[in-house]
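In what follows, chain A forms one complex with chain B and a second complex with chain C.
Moving on, here comes the complex of A and B:
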């Protein structure tokens, strides 16, 4: 007997829902011990992750598989417009979301046990993850936008969950205003598309192309949807909120916002904009323009996507170069990484979508890891400025090495997952010919630019002398006795294990990317050819 | 519904949307911001109702049901916004967005 007999195809979602309800119920019953609450979250995300991997066809976990293989990547029957559909690319994204949630939940196990609010944190974390899983199986535009809102509303509260910290509350307020604006834009765009096509089913919209009788509705609809979703993905010029929010949030929450929830926007882009891009690719670049004839979105639409991708990479990198605070630098670098992911949807071929998905996986590992290290270092008493980190790599070699691996991967140095993902993505851009080659060139130049600020951090950490009274070393270097660092000392086992796991995964997947590349490319192929 | 009537209704929702967005961008009082968000949201909700009545495609009742769901969703969003503003008012003693300046650009 498999779980499908009583959980249906929704085992991962139901596991998380059960986790949310259980945590909030225990909170009412005054059971708020970190070990219990955090344990529930870790177990729920891990089981859900195993179930998703099983559904993707990983034989050793077949017992946990709940979706019949025939209903994955199946085209909905003519006339039927279901709210959700299982695609293998959606399942890959579910896996990535659950991985991010698992890493953050595990790392948060080493929060100070005197600190209150653990049930709220873990409950909202699971609730946001539940919304992310729904995004990945959405096949209806309204269902997709409502699922995104589940994530957004949970994350507004997550930013302010301490309820006392003025910085967190201010970040939550800014996040809420920008989030509400983006929601309104998205729903207004969706209403115009509903008017033009008479349906909100994403796969019907994709099949309908852009040749309709009311091109102006289609143009405005997609434009408003783009603006709304661009806020979620932090594309330039819709990015300004992200730095303040990542900076003002508690560190574990920043890790989840940058490493996890942001990625729902990428998958939403795949769902919404692949149709117009495929329509443009199919017709070629001759014959019509932005308003030409009855076609609403011509090649200039694709050109605009590409321009925003390049703009996002460049502006993010240049502003990251100018930052003095570690968290704000990582936030800007996160913005520039969103530009790389947008390249995938701009091109719209299966290898490019696969490359962007691999980039999302890399980003989940690198960004979650980097923000978790920042949290760990802050817990050691080191200040927020990059210059406060001087000598840290000499004093805490293991932590320093892990952080160095994450930064090298962000910069795209070979033998890391960041290199593999950029290599696949840029190769796809070159293979797509035409002006897409310039996207690869812009990406390479930007990677080179980003090396400057990552290298600066590495130099400060490993080659500058530590400050005289270094709080990170209190008690560790008494008498100057040898290399001081206890590898786990002061971090707590949750953070130490998570950071080590992420560092190992970055290198292991960088050396053997084919382990994940094969499934991702095949999922991207099925996704692009769905219904074609 | 005739095409002429639809144009009029679309003009109404465009005006509501414009007023709402203008309010979101210019208001500094958080409560007025929430009201602006609601006005703009209602423009989208009205659109779904019009288009369901206007025979562009096989819409059936979907437009009306989407509108009902969105009314519920908008209320949820405002509840969360009010929760944040209450906590902020307790800590900082103001609900003016412009006075929240702990995080520098």
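Moving on, here comes the complex of A and C:
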């Protein structure tokens, strides 16, 4: 007997829901021990992750598979307008979301156990993840936007869950106001599209791409939807909120916002904009307007996406270059990474979508890991400025090496997952030929630019002498000669294990990306060919 | 047949890790690694199936090839593919020789020896990888892998301005690699090659239109040119050399500069013949500029190391000229020149490093008459300088002679430009020697002593090779030209 007989195809979602309810119920019963609550979250996300991987066809876990293979990537019957549908690319994204949630949940096992709020943190974490899983199976615009809303509301609360930190509260307020605006824009756009097409089903929208009677509604609808979703993905010029929010949030929450929840926007972009892009590709660069001819969207639509991708990469990198605080630098670099992912959507071919998805995976690992290291280092008493990290790599070689690996991966240095993903993505851009080659050039030049600020951190960490009165190193000075080994106890085992796991994955998947690239690429092919 | 190249790669990889882990005993581990490496390269050379007689063609055929699938998805096939031909073998020999010479020379390194010798070994691993890669991704990967250890070598063990120099080195060469990568990707996808393998790219590129080949060639050339380096992308080199520790300078001049030339030959000249043909005039202009500018600048230097650095630029200009000639003799000359320059510039950098150790300065004007107190050091410096200016019976001579002969064959009287420049540089080197080695005693402390044993051993090895290959250049030439061409697509 498999689980499908009582969980239906929704085992991952139900596991998370059960986790949320159990955590909040235990909280009411005054069971709020970190080990219990955190344990529930870790187990729930891990089981859900296993189930998703099983659904993707990984035979050893077949027991946990709950979705019949035939309903994955199934083209809906003519005229049918399902609210949700299982695509293999959606399942891949579910896996990525669950991976991010699992990593953050595991790392957070190292929170100070006296600190209150563990049930709230873990409950909201699971709730946000539940919303993200729903995003990944959406096939209707309203379903999609509501699922995004579940994520958003849970993450507003996550940012401010400590309640005492004024920076967190300010960040939550900003996040909420911007988030509300983004929701309004998205729903307005959706309503305009409904006016034009008479449906909000994404399959039908995709199929109806070129036949429409009110082109201006379509133009405005997609424009508003783009703006609304662009806030989520932190595309320039809709990025300004992100840095303050990542900076003001508790470190584990920053890790989840940058490494996890942001990616729903990417998948939403896939769902909403791939149709128009494909239509442009089908018409070709010499074609007419995309929507009925009177609105000259056509190739200029793709050009606009490409311009925003380049703008996002460049602005994010240049601003990251100017930052003095570690967390803000990482936040800006996270913005620039969103630009790389947008390249994939701009091109819209299966290789490019696959490359962008691999980039999402890379970003989940690198950004989650980097923010977790920042949290761990802050917990050691090191200040927020980059210059406060002087000599850290010499005194704590393991932690320093792990962070160096993450930065090198972000910079796209070979043998890391960050290189593999950029390599595939830019290869896809070159393979698409035409002006897409320039996207690859822009992306590569940007990754060269980013080397500046990552190398600067490496220099500070490894070449500069540590400050004399560094509280984190006080023990070392007392301890006598020589740099001390990494005291794992100082990090907490949860953080130590998670950071080590991420570092290993960054290198292992960088050396042999085929493991993930194979499934991702075939998922991308199915996804692109779905309603084509 | 044993997978020799993978075995050597594994040797170097294990050696690197062991050296890093060995701490204070790292020099022994590094020495053992480089000795095994050298022995393996010797076996590789001995088993190389050279054909008797000059085949007349420099189109390569590869031996000891290995191919394993690495990334295989619908639209992209990347392999772990390695193999050697005569050209790469010469560079592999250079790598092995310079590694052991550097390790021995740096025996006295006391600052974090584990990391220092580990990074030296890692650099050589990267260079070896570049020379044996027959897949674009693998090639690029090793190419970039060389960057990181050199960045750390300069940045941690370097001179006073090392941070600036390390960052400048990293950024210049990294940007160049990126342009090269775009060129390589375009090469694959525009030619419709079925995989990233050299053989499939080589075969597919034949079908490219000349104008496409030209653009691709330019993109690749830019990437390789910065490593070369050629004017005007050379400014990272003097900075990096002056600040780098001696071992770093040796690897930088001896090996890293050769990556540019090797890459140009392997991935641009061989693959894109029409591209080379159409940019030939441009390459000639750049080569002449580099030759002249490098030597003019070297005349203006007061620092011994800067002098060697700028004369390196001058030499690499001759290499570019020889490659651009697009003739068999030119290609042969280019490879010989690079090998010679690898040995000789390493020797000169070691000698000027030793001068710095002994006398605390490298300023030519403030040194004089060091021969009586340091005969060994003087001998090494003199041998290096004489080889560099092309004295017969030393390795520089056959290389430069064949380069000038090829230039005469291809360009006629234009050969006078590099010849005149060579004469001027030679005069300058002689003048330098006269002042530093033989003049009135100046800047020599009373307790001056000669080289420690490890420095003289390291340099002695290179001097011996300078003489050996100077007298018997045929040892190298036979390896370079006797490439088996059977089984080669497109021939």
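Criterion: the second predicted complex is superposed on the first by the 518 of 532 C-alpha atoms of A that agree within 3 Å, B and C clash if a C-alpha of one lies under 4 Å from a C-alpha of the other, contacts with A are read in each partner's own complex, and residues count from 1 in each chain.
Operating definition for what follows: a residue touches a chain if its C-beta (ideal position, glycine included) is under 8 Å from a C-beta of that chain, and two chains touch if they have at least 3 such contacts.
Predicted model only: the values in this text are computed from it and were never measured.
In the superposed pair of complexes, A:61 makes contact with neither chain B nor chain C. In the superposed pair of complexes, A:149 makes contact with chain B only, with no contact to chain C. By the document's definition of touching, of the two partners only chain B reaches A:176; chain C does not.
Applying the stated contact rule after C-alpha superposition, one finds that A:196 touches chain B and leaves chain C untouched. Using the contact criterion defined above for the overlaid structures, shared-chain residue A:311 touches neither chain B nor chain C, since it reaches no partner. Using the contact criterion defined above for the overlaid structures, shared-chain residue A:351 touches chain C, although it does not reach chain B. Shared contact residues of chain A with chain B and chain C: none. On chain A, the positions that touch chain C within their shared complex are 350-351, 354, 408, 413-415, 423-424, 426-428, 430-431, 433, 437, 440-441, 444-445, 447-448, 451-452, 455, 459, 462-463, 512-514, 517-518, 521-522, 525. Of all residues in chain C, those touching chain A in their complex are 70-76, 137, 140-141, 144-145, 148, 151-152, 155-156, 163, 166-167, 170-171, 174-175, 178-179, 181-182, 185-186, 188-190. Of all the residues in chain B, the ones that touch chain A in their complex are 17, 20-21, 24, 30, 33, 37, 40-41, 43-45, 47-48, 50-51, 54, 56-59, 62-63, 66, 69-70, 73, 76-77, 80-81, 83-85, 87-88, 91-92, 97, 100, 102-103, 105. Note for the complex: chain A touches chain B at residues 142, 146, 149, 153, 156-157, 160, 163-164, 166-167, 169-174, 176-177, 180-181, 183-184, 187-188, 190-192, 194-200, 214, 240, 243-244, 247-248.
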